[in-house]
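When the chains are written out, they are named A, B, C, D, E, F and G in that same order, and each has its own residue count from 1.
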Amino acid sequence: QAFRKFLPMFDRVLVERLAAETVSKGGIMLPEKSQGKVLQATVVAVGPGSVNKSGQLQPVGVKVGEKVLLPEYGGTKVTLDDKDYFLFRDGDILGKYVD
Amino acid sequence: QAFRKFLPMFDRVLVERLAAETVSKGGIMLPEKSQGKVLQATVVAVGPGSVNKSGQLQPVGVKVGEKVLLPEYGGTKVTLDDKDYFLFRDGDILGKYVD
Amino acid sequence: QAFRKFLPMFDRVLVERLAAETVSKGGIMLPEKSQGKVLQATVVAVGPGSVNKSGQLQPVGVKVGEKVLLPEYGGTKVTLDDKDYFLFRDGDILGKYVD
Amino acid sequence: QAFRKFLPMFDRVLVERLAAETVSKGGIMLPEKSQGKVLQATVVAVGPGSVNKSGQLQPVGVKVGEKVLLPEYGGTKVTLDDKDYFLFRDGDILGKYVD
Amino acid sequence: QAFRKFLPMFDRVLVERLAAETVSKGGIMLPEKSQGKVLQATVVAVGPGSVNKSGQLQPVGVKVGEKVLLPEYGGTKVTLDDKDYFLFRDGDILGKYVD
Amino acid sequence: QAFRKFLPMFDRVLVERLAAETVSKGGIMLPEKSQGKVLQATVVAVGPGSVNKSGQLQPVGVKVGEKVLLPEYGGTKVTLDDKDYFLFRDGDILGKYVD
Amino acid sequence: QAFRKFLPMFDRVLVERLAAETVSKGGIMLPEKSQGKVLQATVVAVGPGSVNKSGQLQPVGVKVGEKVLLPEYGGTKVTLDDKDYFLFRDGDILGKYVD
């Protein structure tokens, strides 16, 4: 896939948002507009991390494949082969879902 | 429970607000609207802590199960299995109740 | 008392403001409104202190029982068992009264 | 070429934007105005890097010849022998395309 | 005197402004209003100093009894036994008068 | 020349802008007003450099005689013997032309 | 002279502006108003310097008697024995004139 060929810089993380539920819990088809922005996503690529003031490399806190919770705002859209991904700073990711 | 599967990142803390008193001290049923935002909460999940400028890991200052006092503002709502939790930075928690 | 069970976090200090003089120097009863905010207070609980950039713990500069001078603004009201206390950062306390 | 003779200072990177697609996917000629700003570019010159607070040199994270993704905003236009190049800070480059 | 019993915190300095000249150079009585704010003062109490990022205590740069020049703005009024003193940060004091 | 006698402080660099082309490429005399601000300049004097947080001296990154590219904004005009020079911070110089 | 008895604090420098030229180059008396603010000055007193984050004393970069170029803005007026002097931070002085 496209993101195979994209390496985020420093402490940036490339994620793919999960598909928005198009059917509400009660089974009613949700019109596109009312589907809230999906805040759950999968990590598809990570940068090497950032270098702190003492020159040490601080690796990123998430791994490829992990499910994460995104903040409501921020992030940069990156289109690779017509598919939308999003770049977030490692420090802005709120948490991850562990099984 | 849902939060079992959610791990906050860095120095974030996941808390569950205590139930708002629905009956006033004088025994009168409080209408939903007038129930102030509950500032007491229980810690349900904590992140690993944050790394300081010298590269050392600063663990979070609260443990799961502790009762804490939240600031009036700030915090991010996180819904897990239809239940509302809140994410705060460790440094923003005002204090904890010790028995 | 209530504050026995409340431990401020990091470099926060819990204080109890001294009772406002309700009688002016000249002996006239002061209406509630005109009693200025009392800036003298007693320290009732202190946090462990804050960790500086080099990872060292900086203990708080006041002890429980000391009389301190509060800044005019800032501070967070904390109600414990219906009694009002105030949380200040150690660094915001202006000075202390020594006998 | 011109940029051979231009050495960016510190952590700046000189890039050349790829040619904007003048023909849309569906084969229709795109009028100049509607060609979005091209965010893909090739690195043509890099500075030595920046010196961190501990006096260590932090080299730049991209090499000459690499394909990179630019942020939408920022960058300084530099005209060398009538050709437009752009200067970005190393830290502002979003990521690079690896084969 | 009152300030004997007041110890400023950290790098704060307690000063007493010199009496404002009530008679102009030309010998004319100056109305209260037109007496400019006196910027010369005597140091009456000093804090222990502040702790820098490396955990070292930086003592205050003035001693009790020294004559100092205050900045025009800033400072916190502190009334002790009905007498007005002022608290300044050590770093905000412009200079001192040496004999 | 005048600048022989002027030593910039810290990390400041004194430059002399190259003469603006008064004749356009097509050979037409350019009225003063339309001659853009010249961004190319020669370094005529450099400061000793700045001291970083660890107390090390960071020398300036350009040498006297080098051709540099100035940012569009910033800089302080310095007139020495009726000739205009400009002071820039070392970190604000975009790059240098190497032969 | 008055400034003999004034010691600036930390990295402040006391300067005396050179007399404004009251006669223009062409020999015409300049009215007070049109005499620009004089940016050349002589250093009359210096502070001990400032302490950096690692606790090292950074001495001031100018010596008493040196001729310096002041920035157009900033500085604090200090009147000693009816004579006007100006206090600048060492880091704000643009440069010095060397013979």
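Side notes on the structure shown:
Just so it is clear, a contact is a pair of C-beta atoms (placed from the backbone, for glycine too) under 8 Å apart; a residue touches a chain by one contact, two chains touch by 3 or more.
Source: prediction; values computed, not measured.
In this structure chain B contacts its sequence twin chain C using mostly different residue numbers, the overlap staying below half. Inter-chain centre distance (chain B to chain F, centres taken as mean C-alpha positions): 55 Å.
One finds 44 Å separating the Cα centroids of chain D and chain G. Distance between chain A and chain D, defined via averaged C-alpha coordinates, is recorded as 24 Å. Multi-chain contact residues of chain F (touching two or more other chains): 53-54. Taken in ring order from chain F, whose neighbour in the chosen direction is chain G, the chains follow as F, G, E, C, B, A, D. Of all residues in chain C, those touching chain E in their complex are 52-54, 56, 58, 61-62, 69, 71-72, 91, 93-99.
Against chain C, the residues of chain E that register as touching in their complex are 5-10, 12, 14, 45, 47-48, 51, 53-55, 76, 78, 87.
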